[in-house]
Amino acid sequence: MTDEPTVSDRLKSIGDRLRSVGVQARSKLGEARSRLVAAYHSRPVRQFRSNTLNVIGLVIVLTLILTAIFAPMLAPHDPEEQHLRDRLEGPSAEHPLGTDQLGQDVLSRLIFGARVSLKIGVAVVGISLAIGTAVGVTAGYAGGYVDEGLMRLVDVLLAFPGLLLALVIAGILGPSLTNIMIALAIVGWTSYARVVRGSVLSVKEEEYVKASQLMGTGRLRIVGRHVLPNVMGPVVVLATLDMATVILSTAGLSFLGLGAQPPTPEWGTMISEGRYYLRSAWWVVNFPGLAIMFAVLGFNLLGDGLRDVLDPREEESVQNKGL
Amino acid sequence: MTEPLLSVENLHTHFETHDRTVHAVNGVSFDIEPGEVVGIVGESGSGKSVTARSIMRLEEPGKIVDGSIRYRGEALTEATDETIRRLRGQDMSMVFQDPMTTLNPVFTVSEQIVESLKVHDNPDHQPLREYLRIPFLHDRTDWAEKRDRVVELMSEVGIPNPEERLDAYPHEFSGGMRQRAMLAIALASEPDLLIADEPTTALDVTIQAQILQILSDLRASRDMSVMLITHDIGVVSEVCDRVIVMYGGQVMETGTTEQILTQPRHPYTQALLDCMPQQTERKEQLATIEGQVPNQLGDIEGCPFASRCAYADAACTSASMPVCDCGDGQEAACCALDRVPDPTREAVGVEGSR
Amino acid sequence: MWKYIVRRIISGLAVLLGVSVLTFSLTFFTPGDPARTILRKQMGGRSPSQAAIERFREANGLNDSIPVQYVNWVTDVMQGDLGASYHSETAVTTLIGQNLMPTVELAVAGLAVALVVAIPTGVISAVHKGGRLDYGSQVLALLGLSMPNFWLGYLLMLVFAVQLGVLPTHGFGTFGHLVLPAVTLGTGMAAVITRLLRSSMLEVLDEEYIQTARSKGLKERIVVYKHTLRNALIPVITIVGLQFGYLLNGAVIIEMVFQRPGLGSLLIDAIFARNYPVVQGLVLIVAVVFVVTNLLVDITYRYVDPRISLGGGGE
Amino acid sequence: MAGNKLNRRTVLKSAAAVGALSIAGCAENTSGNSSGVRIALNTDPTAEVWNTHGGITPYWTNVMEPLVWVNQEMDTEPWLATDWEQTSETTWEFAIREGVSFHNGDKLTADHVVYSFETLLSELAYAPGWLRLEGPESIVALDEYTVEFTTTEPFSVFPGNIAHNMVCIQHPDRNPDENRVIGTGPYQVDEVVVQQEVVTSSFDDYWNDAGQVDELVFEVIEDPNTRSLSLENDEIDIGMSPPRSQIDSLESNDGVEVARQETAGSCYGGFNLYDAPTDDPVLRRALNHAVDQQLIVDTILENVGSPARVPISPTIYWSAHDQVDPYEYDEDTASSLVEESAYGGEMITIVVPNDLVNGRDIAQVLLDDFTSVGVEAEIQMAERAQYSDLVRNGNGHLFLDTSGSNSGAADYVIYDSFHSDGDVNQRRYRNEETGVQNLGGEVDTLIEDGLQATESAVKEEKYVQAQERMKAQAVTLPVYYDEFVAAYQSGLEGVSFSPIPEFTSWTSLEK
């Protein structure tokens, strides 16, 4: 007999190891599942679920996100592929939502358009959020003249019909999605700044924050540990509703001819370009119209639902910078 | 025996929350005779206010699920909206607890009193354009004529210089003044029954005394019944003829003021009286009742006070509570009354106790 | 009260200054020469000569640096002169004057449509909370909120002007011309007001004084429309006031869809033509309108909500 | 307090009153359809740019007339001037028509001509450069019916150049502040509603054949969709340039007729000849072969217009359309030419102004065509203002635009775009000695010769040669020759348009 482990031993140990991995995995999986189940039955989720509209909103938004991610798999055609001879054809098996004036598949363009809309939405909301948070934290913490100055700036921007300003900015910078993003972000960050500043001010007064300040915790850490978690709820709600606003504003600016460079499929531009065919080819205009409506509706519903759960203080923060 | 003015029998008022039912009022019965001042006492959450609101049929969002409320023999639980409105306008009035929130901030006090007078005159004719004061469409000459009556009412409830305050808004009144205004609104409909839900709780002590004085005077001058809800035994002792002690949505004990204050039979009443500051020596800690007020979620079995009661045994939490006659109209709902010391006998002598 | 108004006016002026600096500095980043663009338009699409462009730039002070141009502009504005359009010597104030009324008319009509729809809907929705009517009107309000208004405009035009032929497709002047644009503009706003009024009504209905009103024996109609609505309208007025400024956003697009003259069309044309005096003048005027509306809203408060004293804080 | 209440009531009442007033004001304004003809333009005839002309547009309306007219063949024709003569290299003598009445009854004389030109020169900054007239001595009345013009440089195309709607004759009593317009045309202005419409009526004392319709109303509907909707809705009688997509349905509509007219305009892409990769003529030829113009006309343009071979419309007599062989559409040839060329996969930027009708779609078709022969491309839509800069700076590789003439002298169509010192190329040519769409050298000379030529045959010969050289080097990618379309109610007779549609005369119109 040698000390060499036999093949069967080896196999057995591999088998054991695999089994233990399997068991571990299964227990991890089980844990995750039970955690998920627990989350599903937790109070906030229950509260969220209790309103059908909230669930519809979540479903629309998830559909939108999945559509955007899997656009290449979902779209039956290349959204930029032209078939001039098959232009303006009505809905059919080949083109479920018909073709546009260049013979491009409307459904595929809508599917890829979800990407564009989400991309702009996320970018604008992201930039607004970043600027807004930075300004809000700075103003709230610094107080005094800095606060006063920054808040007056916020007032200036809030005091002006945002979309009109965005229109001037985008109009002057020239048509492109990037310019739309810049314009919308320039006018969009103010509401975040307000919310964050308010939260900073109230948290600053809390005993435990004063205590940790006394103990010499750095300001940034205090912000990170106390302010940000506190302000998460309202900000998430604001951001969700803002997505709706941004999608609508983008469509509006695109309609005015400031939108995407062709052949990028963008919903507002599709309506703007398709309006000449309103009567002869209703599908060219009305499907993008529906797409915008549902996307905006989805974010509005989700935002409302999240507000019920996350931000009970604010019943209604009407934000309709939209057109 | 004459018919009581108000007769409440086995009243159950429930509130549906997200996933459960709160039994706010759970089988309450009592009568109020004409001209009588009845005090309803109990801790917060004992169902006093809900009972009062149920009588006014303002129980929403709660629901009366069982029992009856009869006013001069008329069943309020089945009455139509018109009947209820007529009763509110002409027979029953209510004064609420917090005078800071019970007056509509956007109308002048006199407007709110006149409204009450108008309803009293004609509860079935309430033209919207007249009440809303729609420009060009309303005719309010008779509203203006009512100003004298308003002044009268205001002075009756002790608002000084009422003529100068006709155009004042509620926010221009102090708390006590607002409660007087509220009283004036309630009196405008010349009620036979005034339900006052903790009318003095939110006021400071001197004002409290004044308001109570006005209540007593009014009751005397107008010969109306008053249902006075309070958690303050002191208030009860000053103005009430009879007292109903409530706990956990049920009536624990009823009796004349004297009976309740001097010879409480129910352990809850006794505990309640022990907590009164007057009963406590200086520097001694204020007595409290141990435990929590029950949340009244779901069906309640047995005595709601059982968990906090010094004399309770296992049977108390399951058995139904009998109402025991303690003589001279005094009644207590307790399943272990025999174990509870009886102050009347204690007063007679030590040998009287077991 | 006067002190308050003066303070508001001062902060309003600061806002105007900020907005004007912002729009003016944008011209820094602008591609495209206003001289060439405007001359080309005047010449019916022909390219102007270099000499003509130079002359134009000289005549309109375009050769100065932007800060100098700004200071000149502000100096003129102080004297009530918004400058003249590059196109001709027409004063910007004249242009704005010509275009103001159509837009105001549209905005007022849109607001009227919004209020007529939103007040009953919001009230009914709140009164029947949780019921079918509530559900229905909430869904409708959300749809109205989510619908791009240019699309709605075309749909309305298609149905009422083309299919039914009952209303004109475009233009300006008669009451008929106002209907479709006003409905289009009013829809989104109606949705906002409905939602706001609903939640505001629900909040007020929970107030103790509503119980007081009921306890007097008032009919539910009067409890709702007098005691509740009056209070519920207070926060709505703020939003309506703010939204009135935002109506200009919508007006831009709706004026384009329905071919109405107005500040929106004027602004779009001016932006694309690089007609800076008009853009700057318009932006300034819009900001003024906005600041003034806000001030008026605040003053209206005094009348609607007696608790608020303009002196500050209240009680 | 009492004061407050009073105020509140007053406020409410006055608000109600204002509301009532404004509604009443709206109702009064109702303007019904009259016996006249309503013509919908796509630009505002009362726009402020027209102040020089008394507040209304000189285009379309026939209210004011020029000295020289442009006919169906794009040739000049005597109009308010009966004759003209070049008296030296820089001087021209024009004989003014006698017996012409202004709308206010005054008779036209040479002084009115002098006044009109001087007004134009002083009020429009660009006019001196454009007309080559500068200074008070440049326009002189020699006698009551003779005017002498002195140009700043030899300018052979002067008569054609002033055959332009804007260079029209008006009476000194015109007043833009009151919208008082005084011309000599067949229709006189009755009413101007700013930003909406101009109401004109037939002028009885017109020197030529008077208009047959009593009233012409010119209104603005900028949106083409709305324009055609309102035509079908019977709100207007004639609508200019309906959306192409609706021409078919308009033509099949019993109540509506469609008029078509070839114009002097054409749409083409101009290559950037000085930057890689389009500096390679082989690649440019390849791209020319890659595009199927006929398909574009058949589909996107809905058969309005015709496929182009050169950048100059055949309605201009010196167009080389018939003299050159087109680059036939052939993907294989195109692909092999791409292989042959120096092209190495660079991105070609197609720059398109966003006011170019169908420009967006055409650009996308070009992009698709380029991609299928192996050339990468992207589109940059730019506003007109931005576009002008991009072209002149050579930022981009293919500049898509239309070009055409709205005067009797179409020379600038070729000069401005393809001569090194032309407007498009001048900036880069002067700064960097390059340019954009200018081949330079021989082509410059040919264009200069054509410009100076007074005889049509010589001009045609020179310009055709220049166009042939440019075609050989594939300087442009011609797309289509434009066609003007208007739709009108079939009750109307005598609707016809000129190659410069704005020059259309309405006197033949009958209802």
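Going by the order they are written in, the chains are A, B, C and D; count residues from 1 in each one.
Note that contacts are C-beta pairs under 8 Å (C-beta built on N, C-alpha and C of every residue); 3 or more make two chains touch, one makes a residue touch a chain.
Just so it is clear, the structure is predicted and the values come from calculations on it, not from any experiment.
Between the chain pairs C-D and A-D, more C-beta pairs are in contact across C-D.
Closest to the middle of the protein, by Cα centroid, lies chain C. At the far end from chain C, in terms of centres built from Cα atoms, lies B.
Mean C-alpha positions place chain C and chain D at a centre distance of 35 Å.
Work out the mean CA point of chain A and of chain D, and you get 46 Å between them.
Centre-to-centre separation between chain A and chain C, using Cα means, comes to 27 Å. Inter-chain spacing, taken between the CA centroids of chain B and chain D, is 87 Å.
With touch defined as above, chain B holds no residue shared between interfaces to two or more other chains.
Counting partners per residue, chain D has 382-383, 386 as the residues that reach two or more other chains.
Of all residues in chain C, those touching 2 or more other chains are 30-32, 162, 256, 272, listed in ascending order. The touching residues of chain C, when paired with chain A in their complex, are 11, 14-15, 18-19, 22-23, 26-27, 29-32, 138-139, 142-143, 145-151, 154-155, 158, 162, 188-189, 192, 195-196, 199-200, 203, 239, 243, 245-246, 248-250, 252-253, 256, 267-268, 271-272, 279, 283, 286-287, 290-291, 294. Chain D makes touch with chain A in their complex at residues 224-225, 243-246, 248-249, 295-296, 299-300, 354, 360-361, 363-365, 367-368, 378-383, 386. Looking at the complex, you find that chain A touches chain C at residues 53, 152-153, 155-156, 159-165, 167-169, 171-174, 244, 248, 251-252, 255-256, 268, 271-272, 275, 278-279, 285-286, 289, 292-294, 296-297, 300-301, 315-316, 318, 320-323. Within the complex formed with chain D, the residues of chain A that make contact are 80-82, 84-85, 87-88, 101-103, 171, 174-175, 257, 261-263, 273, 275-281.
In the complex of the two chains, the chain C residues touching chain D come out as 30-34, 36-37, 39-53, 55-56, 59, 85, 87-90, 95, 98-99, 105, 108, 157, 161-162, 165, 168-175, 178, 256-259, 261, 272-274, 302-303.
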